[in-house]
Every structure is written in structure tokens, then in C-alpha cells.
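Beneath this line is the structure, given in C-alpha cells, with notes to follow.
So that you can tell them apart, the chains are marked A, B, C and D in the order they are listed, and the count of residues begins at 1 in each.
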Amino acid sequence: MTETFFNLTWLIPLFPLAAFAIIVLWTNRHRLLSTWIAWIGIGLAWILGWIVFFQAWGGFEELTPPTHKYPVPLFSIPTGTTSLNLGFQVDTLTGVMLFMVPFVCLMIFIYSKGYMNYGTKDVDPRYSRFFAYISLFACGMLGLVVSDNFLTLFVFWEIMGLCSYLLIGFWFDKTYPDPKRITPKEAGLKAFLTTRVGDVIMLAGMLLLYSQVGSLTFSDVFSQETLEQLAHTYAWGNVPWATFIALLFFGGAVGKSAQFPLHVWLPDAMEGPTPVSALIHAATMVSAGVYLVARSFPLFVAVEGGSQLAVVAFIGAFTAIFSSTIAVAQNDIKRVLAYSTISQLGYMIAALGIGAYVAAVFHLITHAFFKALLFMGSGSVIHGVEHGHHHSHHHATGPEGHEEEGEFDANDMMNMGGLLRRMPVTGWTFIVGALALTGIFPWAGFWSKDEILADAWKTFQEGGHFGVTANWGFFVWLLLTIAAFLTAFYTGRQIFLTFAGKPRTAAAEHAPESVPSMTWPLVILAAFATLLGLAGTPWANQFFEMIGESAVILGERLAHGEFNLVIALVSSGVALAGWVVAWLIYGFRPLTVPVDPLRRPLGPIYTLLENKYYFDEIYQAGIVRPAIRLAQACYTFDDKVVIDPIVDGVGRFGRWLSDWLRRAVDNPIVDGAVNGVGRVTTWFGEFMRATQTGKVQNYLLVAAVTVFLLVALYVFRTYLPDWLSALGLG
Amino acid sequence: MEYLLTLITFTPLLGVLLVLLVPKDDERTIKNLGIGISFIPLVLATYLWFAYDKGQSGFQFEFIADWIPAINVNYHVGADGLSVPLMFLTALLTTLGLIYSSYTIKQRVKEFFLLFLLLEMGMLGVFMSLDLVLFYVFWEVGLVPMYLLIGIWGQPKDRPQYSAIKFFLYTLAGSVLMLLAILGLYFYHGTFDIVQLSQGLGSEGPLGLVFGGNSALAIAAFWAFFIAFAIKVPLWPFHTWLPDAHTAAPTAGSVILAGVLLKLGGFGMLRIALPIFPEQFKFYCWDVPIIPILALLSIVYGALVCMAQWDLKRLIAYSSVSHMGYYMLGVSAAAAGWGVSSYSDAAAMASNGAALQMFNHGIITGGLFFLVGVIYDRAHSRDLALMDAEGNPLRDKDNKVLPAFGGLGKMTPYYYGIFLVTAFASLGLPGLAGFWAEFFVFRGAFEIMPWFAAFGVLGIIFTAAYILWKIVQYLFLGDFNLERWKEVTHDAKLTDLMTFEKVTMWPLVLLMIGFGIYPTPLVDFFNSFAQKLFGG
Amino acid sequence: MDVPLSWYLVVAAALFCIGLAGALSRRNAIAVLMGVELMLNAVNVNLLAFWRHVEVVKATLSGQAFAIIVITVAAAEAAVGLALAIALYRTRRTVDVEDVDLMKL
Amino acid sequence: MNLGETLRLLSPELLLLFTGLVVLIVDLIWGDEEKKTIWVPTLSLIGLGAALAATILLWGTPPTTVVAMMAVDPFALFFKLIAIGTVMLVTLAAIPYLQDRTPYRGEFYALLVFACLAITLASSGTTLISVYLAMEFLSITSYVLAGYLRNDMKSTEAGIKYFLYGAVTSAVMLYGMSLLYGATGSIYLAEIGRMVAAGGSGLNDLTVVAIVLMLAGFAFKIVLAPFHQWAPDTYEGAPTPITAFLSVGSKAAGFAILMRVLLTALPAFRYDIGWMAFLMALSIISMALGNLIALRQSNIKRMLAYSSIAQAGYISIGFITLVSNVQGSFLGMNGTLFYLFAYLFTNLAVFSGVIAFESATGSTEIADFRGLVRRSPLIAGVMMVGLLSLAGIPGTGGFLGKFFVFGSAIQFNTAQTLTLALVGVITSVIAAFYYLNIVRYMFFEPADEDAQPVVVTTPVKVGLAVTTVGILAIGLYPQPFIDLATQSIQMLGMAF
């Protein structure tokens, strides 16, 4: 029985895929039908996913290395004498992901129906297409977690990239009056290209791995011999292949999980519909990066004390604190969450960097739930405010209260306030999510975040696994703790600005509570955000047992992350402090004007944070524009110089030649030469025409001269030596 | 069975003769006849696809007969893993091209169909030839109809006459040098037979070293072949005929140009240049890596030019330069790994990747050209942006380029969907056909020449950039502006894909998706070829 | 008492050169034709001198025969040449070869 | 050798002579102008056909000499085929052309037959005298034909230029012949060959000068640069059928004489600075110059003149690089013969098209060919095939001609011959440009608004059909033609 279901794992991603195909090809004109098909697709995936999960939960011994038999090849591609086998696998990590992904997706799917305004008049014309896209997205994530090899993992990884492009740019016809503000179509492009940078790096790593190992199947790559081999052969110098490839893989994760320095796409991805944000930031795409590092973790630890872990830890911790500072100065409700996501992903990455494998995965799971909750809650808020805006707009009389159409920003927290009364379900579930995010006891975030911090502290105390040095432990702990404070601060700020106080605009005043298909998922997710942490409490750490089992591959059984009361208290204290400060600034005296009270005291720092440390501008000036300029230069070179024949003919050719002789390198040598030959040819033809005078005696003269020359040639050739010697020159 | 290849190749010629008999005013009969005839090679090529035994290396359906016995030239044809898919591709694109053209070509229909079928014969002939003279004859036979197709049916503003002659002369210039090399081979080894030459040469082969070990001659002959093929491929810096020719040709002509004619060069590399001159090829890929450098330049330079390009068709033309650069990189890696037993699998993979790139580029870029034709037929314009008189894009007050279209994604969803699939296949999205080619090319290259491969993967980013930023964004995204559309197109009607356009595109889209998900059947063909070349 | 061969040859060569110079420099078509005749006569001198001095079997008379044929042909050639010159004159009222340059370049 | 045998061996020449005379007489005595227009050329064609048949019947005769100074050998027979074929096709094309241009049509056909006779004689001359005589015969008939349209300024100019140039070069050649006679004491080519083979150093100088002087005469006939300059003017001015004749028949005669004289009389002077080097220089200059200047021509006849110069360069390559001791088929000279054979059909295809066009429209400007495919698909199609064959595109006879001559150059494998091949292929790319330029006008450019369809008369249709079939047959199934060419290089008294 167990085997039957495990053998069917590969079907999980196919359900949403089928839904995608059916909607795109046949039902795209029927909105309700499309909705249901998408629901059925993800629903089946959820059911099967949970069956697999619970069986793995119950019998995970079967799935651990010595006995497990669930890399199952599906098909192979010939590669010379060998072949490349592709298939699926089930292990505990897959199982856990299958618990989280389809379920969160299902919630998002249900929520989407309401969010996309099903049944109202201004229904989005591409409603069905939206469900098709998110189904494909779900397929991508599910396929990713059931893959038994890096190649299909990469394939699904990229399919998600595609979907994120399509979904972020879903409202591709939207334009804003402010030309500086990024439009959805540009955001989609940015997301795709930025992650593609990481993907290419990862692809390179994968190909190098394949070259070195000859296989991409996890079980082959992570076998003890292979890891040994990778750790003791060198890419160059004293850099082992394992380190090098691991770092390249990490490049992919940096892109996908929006870590510094490739984080820039994620906040702009907020241009997409909110369920998309939830999908991308919570359940799927961004966690794929963490999943990749977790999945290839054996590779990261193959070299004891290698630099790869230090890089991972540093990037993670730095990103965590870096992006939480930005979140402090954002006014867009979704952008705050976006930076918060980057920061939380930094937690996970940093945890992996100090070897806290289980804690990272745990945080990944809990975070998925509460972040999905928060995003959907914010979506509900925006939705409400938009409706309120419409409402007030229709009833407003007189010039005051009348805002220009298009300038009103429903995402701006400055336009909200006091929404808890108007939208109680949304508000309370949002607060639950916020508590989980900030790691307040006993919500889920507390347990997972605490486990990371405890592991970091323990590393500092005792030295870590896999040769991670103690100092790294301290570094990570310190940064993450500060980040915890900031997290609590900006989350509190968000809550107070949004829900507390009095409505600052007419829109907020008239915002209605969302429809049940939106609120029910919030409630369910809130329940999970509250209770899920219990799976990983220090006293009954089921989660550890399960995931730790798959970590046996790592050659060293991970030690139980001990509960450290001091650390727990410190982090809780820091979090509470954050809430308190936020309350003092934003909650104690609710804002009446849409200006952040911190703007004045922080001055230029606030501007810096508000502008995200100017990263977009730097990239624009440092990478994008030079690339475009280079492209323009190539184009000009090709189109103007090379393809068009140079008009001025010989004169220009002469100048060109002299120029070329002067500086022989940086000139159009390529095809200019070809056209040059053409010109010389033409010129020669002209010259020869001039000899054709039409006068027959001239012709005869030419003939006579030729005869003379030929005779002279012979005479010189034969007698010149004699003559020379006769003259005493020979 | 031994006549199968002959039948495939010469049925179009029969079509030419039949079309010739129909009076030129009876366009309906001409169209039906032309399309009908073109289905015969397609069906036969499909049969060939399935009848070919992939487990067996070596040539199948081989047929040999005297042609010019005085100089030992034979009518020697055969199919192997390399040629079977390409023959199928040729037959398919021809049929689709004819279907598409039967709706879009309005003048001189008879000539068009006649030339198109003649062209098909030339292309198919190249793929089946196993004799150098036969190869050369077919190689050049295709030139003339293509020249006429570009010149007659090109759009006047694209300077079709100039482009046509440029195309012709470029190819001819390359191939006459090849002719000298062919003759050279004959005088040293006494045969024009490709099979004998490719298997008999070498220090232990019955024919001895190529050119009897005279390295100067061998190198000269190698370059003669290589340049002839490189012009067709086209490899930077021999690419400059391509943008002009592709832009000027009528839609179906561009499809064939990009889909098949470029592959003739690629085919030549793998069928002739590499097997006959492996040492020389290897030398210039490994010891003195000129060829991989040119391949990288093609990839990056081609992609960069695309990014600055505003003419949609020209852009796609340049994308071919970039894409065929991947092909060349794969061939370089394969050549560099030739004869090294530890690289035999990597070389085979690189060669598989290169061959896949040929096939996939054929269906993908062929499809893209069809899709460009779709917008051009409606709008009579291909500029992505509103252009000023000097050919520079106009900008608004915020210095943003003013798109000429935009918003078609909303107005023509079907077109948008098909275009998206094709565009993503073109940028190598996993799950679509283009990916596998790039994957295997880089797989081989990363093992054999990692630095080149590392540089080459950068091209992937640029490719994504120009396809999504330039094409998709300017054409489909943004808000549809009816005023602007009317201004750009002079009041043309905007309709979504029509049935014939769907019929043309769907087979290609299905192939992109099918071979994207399950490439094994295709790779099996190429692998059987690569095994013969690199195995053992 | 024999005149040496070289004398004949020098005379013939001189004659040839004079003829050639005339053919190349005279503007009148008839005069050019006369130059050609001189060249042909130079050939005749050569042929006869060689026959006298070089030919092994003098009885074959080949040199003489050749010379006679050359004379005959020269006459035919002159006839055609004159006919063409007349045709030329009829259409253009000139036999100046410098003016015959309707077609050039 | 009895009289009957002699007559049999001379039957082609005799038939031609007879035909020419009959045509002249019939033209003289028949009063009915209407019927004469058709029947005189028909008569001429019948006679030519009979001569052709006689030539074919003589095939297989062992090489022998008739009337002391004429060879009957495969080499000569081959050129007779070419000569008769050329004149037949030219006659066909001339019928509509002459219609409105001259009242004296009968003599025209008779002169053409005599010119043909001259070529047959030239191809078989084995003594200096017979060679000279045949050449002058050919020249004189050609002068007359070139200037045939007496009221046409261009035609008379063509005639007089051709005449003056020809007269001077033939005198120069003759001077060379006299020197050769002086150096060896014989007028028999074979005898001369024996003498020079045995000769001492004093002989060398004289012979080399003789070779150079004779080459001037031969090159004039072949139209090798730089003895080519008469050709563009004459080609442009002469009646177009005569241009066609000059570009094929006269050129073939020049090649026949060149090869026979050099191979039987002067094989010893081939290498070092012998005729091979001279010819190579002329060939390279011809290929380069002819093709380059042709690029800039606006008159199709003039362009074809330059093309013919270039083609002469290609054709010579085979002869320059001939070999006799090799197994296989690249003997060089058979390449030249093969090329000539293909060139006959190729060039006449193009000229037939030009003549048909000119007959109907009176123009030979390239620009006037625009839109021809709409006005006459037949002419345009045939001309395209011909032009592609001239350019050497595979599938046509022209390609295999080039294939053979370049092949022998490569087989010869010296730096000089490889240079020849290289120059050959590079210039053939340049050539493709101007050949295709005409295709461009015919196919790409639209016709004028008021352009009428071009009417093609039956004789021209026959000519167009024959030439097209010839081009494609040689291009696609060349084996019999290769055999023909290979057999035809057997030459009486060839001494190496």
C-alpha cells in the first residue's frame, strides 16, 4: 500500500499541469469551469501529497538511504554510450515539502477566486488565464520537490521562473502616471532576468557536476564515494570541486530566494496580483532556493570547513538584516512583506550556512504558512480599500475627498488605518500571522526561529557541525537577533498603521470585509500558523526526527538542537521590544497625516532606506545601461558599418585604410573588408573601362606592347645573367 | 526501400513539373497541387523517421548507382541519425510554408510554388548525399530558387534585390573554395565518396592520412570546407548576409532560410568537415581555439545586436546568429574531444546538443518567422517602436521608447499564447525543445572546454533579455492603443490568428512542447550518429 | 657570293616594323591597310629567305608556296578591307580610324 | 588513298562547300522574296544537318591525313561538330533577326556556312599553310558578316575594327609562322615538332619569339586578354547572330588551332618559359579583366563580350594543365573540350534569348530586359538557365566544365596552377554577380506599363529548346559528353 502511493508520487505535479492544459486549450472562456478545474487539479495534488506525506511521516525509516528505493527512473536520454536517467523520488524532505506546498497552494487557489473578483462586474478579462498560470506554477513547485535529479529540478525551477514572469506581469496593460514607478510588465521582466542570472550560474554548476560525476541523480551524486571524490579533486588551485559546485548552486539559490545581491526583483514582484505574491513568496518560488540548498546540502558539507558554508552563512545573515532595515521605511503594505520575506529567507540560508539543516527546513515550512497568510491578508486589505475607494468615489460630493483616478494607491499603508473594525476577520488573522512572523511564543515562528538562533548560539559555544567555526555562529546569531528586533518593529508598524487608529482616507473608511472564499483560507492558515510550531517543539521534536533522518546522508547524524532558555528569552525579549517600539511610535498616537514620524529624525538614513539603498539605480547604471550601450554599439557596428556599403566609395575606403593602418585594432575589420573588396573591384572595373577607348589602334598598341613584353620577358629571363656577367656584375 | 530517399528528394521535382503544366491563372489548382505534392515527401519522411533503425549505426536506406563513372562520381545516398530528423524538418517546414503561402502570396503564385518545391528538392538532396559532388550539386541547387524567392517576393523597402544577391554571392564565394577542396580530396584519395573518406582516412585507414599527411594542404582544404559551411551556419563574422536575406525574404522564405538553409551548413560540419578533417578541426578548436572563440562571439554579439534592434524580423534574424553560435560551440567541443577516449561521451553529448540545436532552431525560429509574418500581414509594419526618419526610435518626455504596438496580448490572446510558447522555446526555457540543445551543448563543452562554456552561458541571459524585453514586451504587453494602431497600420483590421495560421503553427508548437518534455526519440537519432563518430 | 641569311632577315624585320608602325599610327583606314600589306611582304621576304637557306628538301618548295598563298590572301584581305572602308565611308563620310569610336567603354 | 576514301574523309567539308554554293545560287536565281525568307535558311540548315551527319558517320575513323595537309582525327571531328552545331543554332536565331534589317539575307546564310567550313578546315590543318589559310578564310568571312548591316553605323564600325585588328594580328602571327619555318625548315607541324625536340639553343630564341608572335594571332581568335580589345566593340556592333557565332564558333576555331599547333609542333616548348607560362599569364589576365569589366556594362552584348573573354580564360586552364600520363579522366585537355561543348549550348542559349528579344524590341540594353519574365517566360527562363550555366551553378553544363578545368589545375598541383584555380574560382564568384544582374532585371524588376509580350518565332523556339536541353543534359548526365571529350583529344601526330 505504501509502495503504491509512493510509486504514484510523480502524478502529483501532473494534476495541476493537466488543469493548466485543459484551461488553456479548452475552457478559457468559461470562468467558473476554469476555476473548478484548477481547484480539482490542485485538490488532487493536495490529497495525494498528504497521503504521501503521512506515509512518510509514519514510515520514514523506509526512505532513508540504506534501504530506500525511491529514486524511480521514468525515462532516459542517451548520452553517447551512457544515458541520462530522469525520474522522481520520495524522501523525508520531499515528504515535508509535499505537506506544505499543495496545501498552501490550495488555500491560495481558493482565495484567488474571490480576489480575482469572480462574480462581480469588473471581472478581470483574463480570469481563466490566471488560474491556468497558477496551476502551472503549482506544477512547477510540486515537480521540483519530487524530482530525483538536478536536471528535472532545474526544469521545474525554470517553469516557475516562467510562471512568475507571466503572473507578475499579469496586469501587463497597467501603466502608472509616475514614470519612475515600475509597471507590472517591467517587474515581470526584471524578475525573470534577475533570477535568470542565478539560474545560469546554477546551470553551470549543474553541468560541471554532471561532467565530474557523470550523473545528476541525487542518489548518485550524494553517494559517499562521489562526495569524497568531489572533495578531493580540485577545480583549480586548492578549490575542491565540491566547494566550487556548491557555490555555483548557491548562486541559483541566491537568485531564486532573492538573497543579496540578487534580491532586487522580489519587492517589484509585488506588482502582480496578491495571490501571486503569496505563491511566489510563501509557498513556492522563493522557498525553492532554500530547498535547493537543503537538497544539495551534502555537497555543501562534503568539504569539511570549506569556504562555501561561510559564504552561505554570511549572505544569509547579511540579507536578513539588510532587508529588514529596508522594510522599516516602506509604505506599501506588500512591499514590507516582500522585504520581510527576503529577510526570513536570509534566516533560513544563514541557518544552512552554520549547518542547522533541520532548523532551516523547519523555518521554511512554518514561514510558508504564516507568510502566505500575511500576503493573502494584505491582499484582502488592499481589496477592501479598493472597494472602499470605489464606493467613496461614487458617493463623494464636492471637491474634497475627490481624488484623481489612478493616483490613489490602495497598497499604501498611509491611506489605511482603523481597518480592524471594518475587516475583523482579515485583521485578526493578519495579527496572528504577524505574531508568528515575529516569533512570539507560542506561535509557529517562535519555534522555528528559536531553533535557528539556538543552533547558532550552540555553534558559537561548541563549534559547529561540518567544521563551521564558532565565530560564524556568533556572527549569525548576532545579526539574526538584531534582525528579529527589526522584524518585530516593522511588523508592528504595519499592524498599527493598517489596523489601528482611525481611517485616514475615505477609502479606508468604507472598506468592506472580503468575501468568504477569501476569508476562509485566512482562517485556516491562521490556525496552522498558530499550531504548526508544535511539530517541532524541543520536547517532542517530531520534525527533527523526520528530517534528521534524511540528514543521515550527511555522514554525521545531526545533534538535536537543544532548547536554550536564555536564547529563547533573549529573542523573545528582543521581539517584544520591537513591538513596543513600534507601538510607541505608531500605535500610541495614531497617525493622522500620511507622513512617517521617523522621516524627520532619521533624515538621510530614512531616504536611503526608503530607496532600498539605491540598489536599483546602481544596477541600472552599472549593468543594464552599459549592456544596452554595448548592444547599441554592436548594432551600429553591424548595421551601419558592416552591412550598409559605405557610400563614399574609394575616398572613404582610402581614409579607412589609412585609419586602419594607424590603429590596427579597434576598427571594423570584419565585413568592412568584404565591402572594401567590392569597392576596389568596382573601381578597378572603372579604370579598365577607361582603356577601352573605342579606337582600334590603341587596342593594337596594347597588343603590340604585350607581344613585346612577352618577348622581353623571355629575353631577360634567358640572357640577363649573361649580360650581367658581361658587365662584370654577375 | 533503397529508393525511399530518392523518392523523398525527387517528388518535389515531380511537383515542379506538374505545376509547370498548370496555366498560371489557375491559382487554386496550383496551390492545391503544390501543397498536395509537398505532403508526399512529408509522409515519406515521417515513414523514414519510424522505419529507421536507431539501434544500428551506419547508413541505412543506402543506394548507390553510377552517375559519372568517368570521374568516379556516384549517385550515393543514405540516411543516418543526423540526416533523418533534418529531412523530416525540411519536409515539414516546406509543407507548412506552402500552406501559409497559399494564403499570403498574392502575385506570381505559379512561380512561387515552383521555386519552393525546387528549393525543397535541393535541401533534401543535401541531407541524403553521400558523395561530395552530389552534395555540392544539391548544395548549390538550392541557392537559385532562394535567390529568386527573396528577390521577387521580398518587400520593396527591405532592398530584396540587394539582399538576394548578397545571399547568393556570399554562399557561392564560400562554396567555390569548397569545390577546390573537394577536388583536392579526390586527387589525393581517388574518391568523392563521403563514407569512404570519413571512414578510410587516418593513420590506420586504407586511404591513409588526409592529403597524405601534407599538413599545409590539409589545413587549407579544411578551412575551405569550414568557411563554406560557416557562411551558411552562419558563424561570426560570416553572418552579414543573413540579416538582410532573412529580413527581405517573404515569410515562408525566411522560415526555410532559418529553418533549413542554415542547417545545411551545420549538417556539412558534422557530415564532412569533422569526419574528414578531425585532426585539423580539433587543432583549431583545441590547440588554437579560433573556432570556439568565433562561436562565442556569435553567441554574444548576435544577442547584443538583437537587444539594440527595432525591426522585429531583423531581430529574429540576428537571433539566429546567436543561436547557431551555440550549435558551433557544441561542434567545437565535440571536435576538441575527438579522439580522446575519456571525452568520448562528452563529445557525443556536445555533438548531440549541436544537432539538437539545428533541429530545434529549425522549428522554433521557423515558427517565429511565421509569427512575424502574422503581424506583418496585419500591420504592414514590423517596427517595434515608432521610428523617426533616421531609423531611430522615438521617445516620450520621460525618455521611454514609444512602442509601435503594445497590448496585443490583450487583443489577440491566441496569437499571444502561441508566440509566447515559441519565444520561450527560443530562449531555451526548460520543458521546451530549445533547452535540451543548450543543455547538451554546454554539458559537452563544460567537460571539454569549461572556460568557453562558462563564457557561453552568459549568452543565455542576453537571449532572455532580448526576447522578453524587446519582442514580447514591445509587441504584446502594455496597453493597447487603438489610435496608435490605426496610425501605424493605416487603419488595418486587427484579428487574432486565422485558421491557416493556426494550422501552420500548431505542428511546430506541438513539436516544441513534445520534444521539450520528452526529447529521447530525437536524441536517439543524433546519438546513433554521434556514437559512430566519437564512440570507441 | 651568297647574300647571308641575316641580311634578308634584317630587311624583313625592318619592313615588318615599318608596316606595323604605319598600321598603328596612320589615321586613314586605307593607309593602315597598306601598313598591313607591308607586314605581309616582310613575311614573304622571310619565307623566301628561309626557303633558300634553311629548308632541307628544297624541292618541296614549301616556302615559295607559302609566300604565294600569302600574296593571294593579302589580295583577298585587301578587297574585303576596301569594301568595309567604302561601307564605312558611305555611312560616315570618313575613313579616319580615329573617328571610328562610336562604341567604347 | 583512293579518291573515294578521300572524298569520304572530306565529306563534311565538301557538303558544307556544296551547301554554301547552293544557297548562294538559289538566293541569286529565286525571285520569290517571301518564300526565300524561309526556304533559304531551311536549305542551309538541311545542308548543315547533312554535314553534321557526315561528321558523325566519320566518328571512329583511325586518325589519318588527307590531301597532305589535313588531318581527319577525333580532335578535328569534335571541332567540326561544334562548328556545325554553332552555325545551325545561329542560323535558327538569325531568321527572325534578319527579317527587317537587311534585304540580302541569302548571302548571309551562305557566308555563315562558309565560316563553318573555315572552322572545320582550321580544326584539321596540319601544316602552317593550311592553318594560316583556314584562319584567314574564317577571318575574312567573319569581317564581312560583322559588317554585314551596311547601313548600320555600329555594324560597319564593328566590321572595320574587326578587320583592322584582325589583319594586323594575323600579319604578326604570320611573321611568327615564318620564323618558325625558318627555325625548323618545315611547314609540317609534326615535322616541326621533331625538329624542335632535337634542336639546339640557337633554335630556342627564334622559336620562342615565333611562339609569342603566333600566340598573338591565336589569342585574337580566342579572345584572350590582352588581345581582346576588339571584341567588345565588335560584339556590340555586329549583327547579334554573328556576335553569337564569334563568341562560340570563332573562339572554338582559335582553340583548335592553338592546341593543334602547340601540341604537335611545339610540345618541347611547354615548360620553363614556354607557352604554358605565357598562356597562364593570358588566362589569369582574361579571367580577372573580363569579369571585372563586365561588372559595369549596360549593354548585354557588350557584357557578354567581356564574359566571353573571361570564359576564354577558364577554357584555357584545361589546356594549360593538360597531362597525358594519368589514370582517370582529368586529362586537362578533355576538360577544355568538354567546357567548349557546354559553352556552345550555354552561350547560344543566352544569345538566342538576346536575339529573340532584340528581334522583337530592337534593344540590347540590359535595363530593357526588366520584367521579361512577364513578357516572355520562355526567353527569361532559358536565359536564366544559360546565365546560371555561365556562372557555373551545378546542374548545368557550365558547372561541370569549370569542375573539369579547375580539377585538372588542382591535379597538376604546382603553385602556378593552383593560383590559376584560385583566380578561377574567385573570379567566377564575381562573374555570378553580373550574370545574376540580368536575372534580376528579368525577374525582379517590373515591366514597363505599356510593355507588350515578346513574340517568339518557331525557329527561335527550337533553338531555345535545343540549347536548354543541351545545358541540362550535360549538367545532369555528363558521362557521354565526358567520353566524347576524352576520345576527342586524340590528335594526329601529337608528339608527347
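The rule we apply is simple: a residue touches a chain if its C-beta (ideal position, glycine included) is under 8 Å from a C-beta of that chain, and two chains touch if they have at least 3 such contacts.
Quick caveat, the model's predicted, so the values are computed rather than measured.
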- prompt: Going by the average position of its CA atoms, which chain sits the greatest distance from subunit B?
  reply: C
Query: Between chain pairs A-C and B-D, which one is joined by a greater number of C-beta pairs in contact?
result: B-D
Rounded Å distance, subunit A centre to subunit C centre (Cα mean): 95
- prompt: Between subunit B and subunit D, what's the gap in Å when you average each chain's C-alpha atoms?
  reply: 43
- prompt: If you average the Cα atoms of subunit B and of subunit C to get two centres, how far apart are those centres in Å?
  reply: 66
- request: Please work out the Cα centroid separation of subunit A and subunit D, and write it as a whole number of Å.
  value: 75
- line: Touching two or more other chains in subunit C are residues 20, 23-24, 32, 97, 100, 102-104
- line: The positions of subunit D in contact with two or more other chains are 160-161, 164, 168, 172, 232-233
Task: List, in ascending order, every residue of subunit A touching at least 2 other chains.
output: 689, 692, 694, 696-697, 700, 704
Task: State which pairs of chains touch, listing all of them.
output: A-B, A-C, A-D, B-D, C-D
Message: Quick check on the complex: what are the subunit B residues that touch subunit A?
response: 236-237, 240, 243-244, 301, 304-309, 318, 344-349, 352, 398, 400, 407, 409-410, 413, 417, 420, 424, 429-431, 435-436, 439-440, 442-443, 446-447, 450, 453-454, 457-458, 460-462, 464-465, 468-469, 473, 476-480, 518-520, 523-524, 527, 530-531, 534-535
- prompt: Taking the complex as given, what residues does subunit D use to touch subunit C?
  reply: 127-129, 132-133, 136, 139-140, 143-144, 147, 150-154, 156-161, 163-164, 167-168, 171-172, 174-175, 177-179, 181-187, 232-233, 236-237, 302
Message: Touching residues of subunit C toward subunit D in the complex: what are they?
response: 9, 12, 16, 19-20, 23-24, 29, 32-33, 35-36, 39-40, 42-43, 46-47, 49-50, 54-56, 62-63, 65-66, 69-70, 73, 76-77, 80-81, 83-85, 87-88, 90-92, 97, 100, 102-104
Message: Going by the contact rule set out above, which residues of subunit B touch subunit D in the complex?
response: 66-72, 111, 133, 136-141, 143-144, 147-148, 151-152, 160-161, 164-165, 168-169, 172-173, 176-177, 179-180, 183-184, 186-187, 190
- line: Given the complex, residues on subunit A that touch subunit C span 689-690, 692-697, 700-701, 704
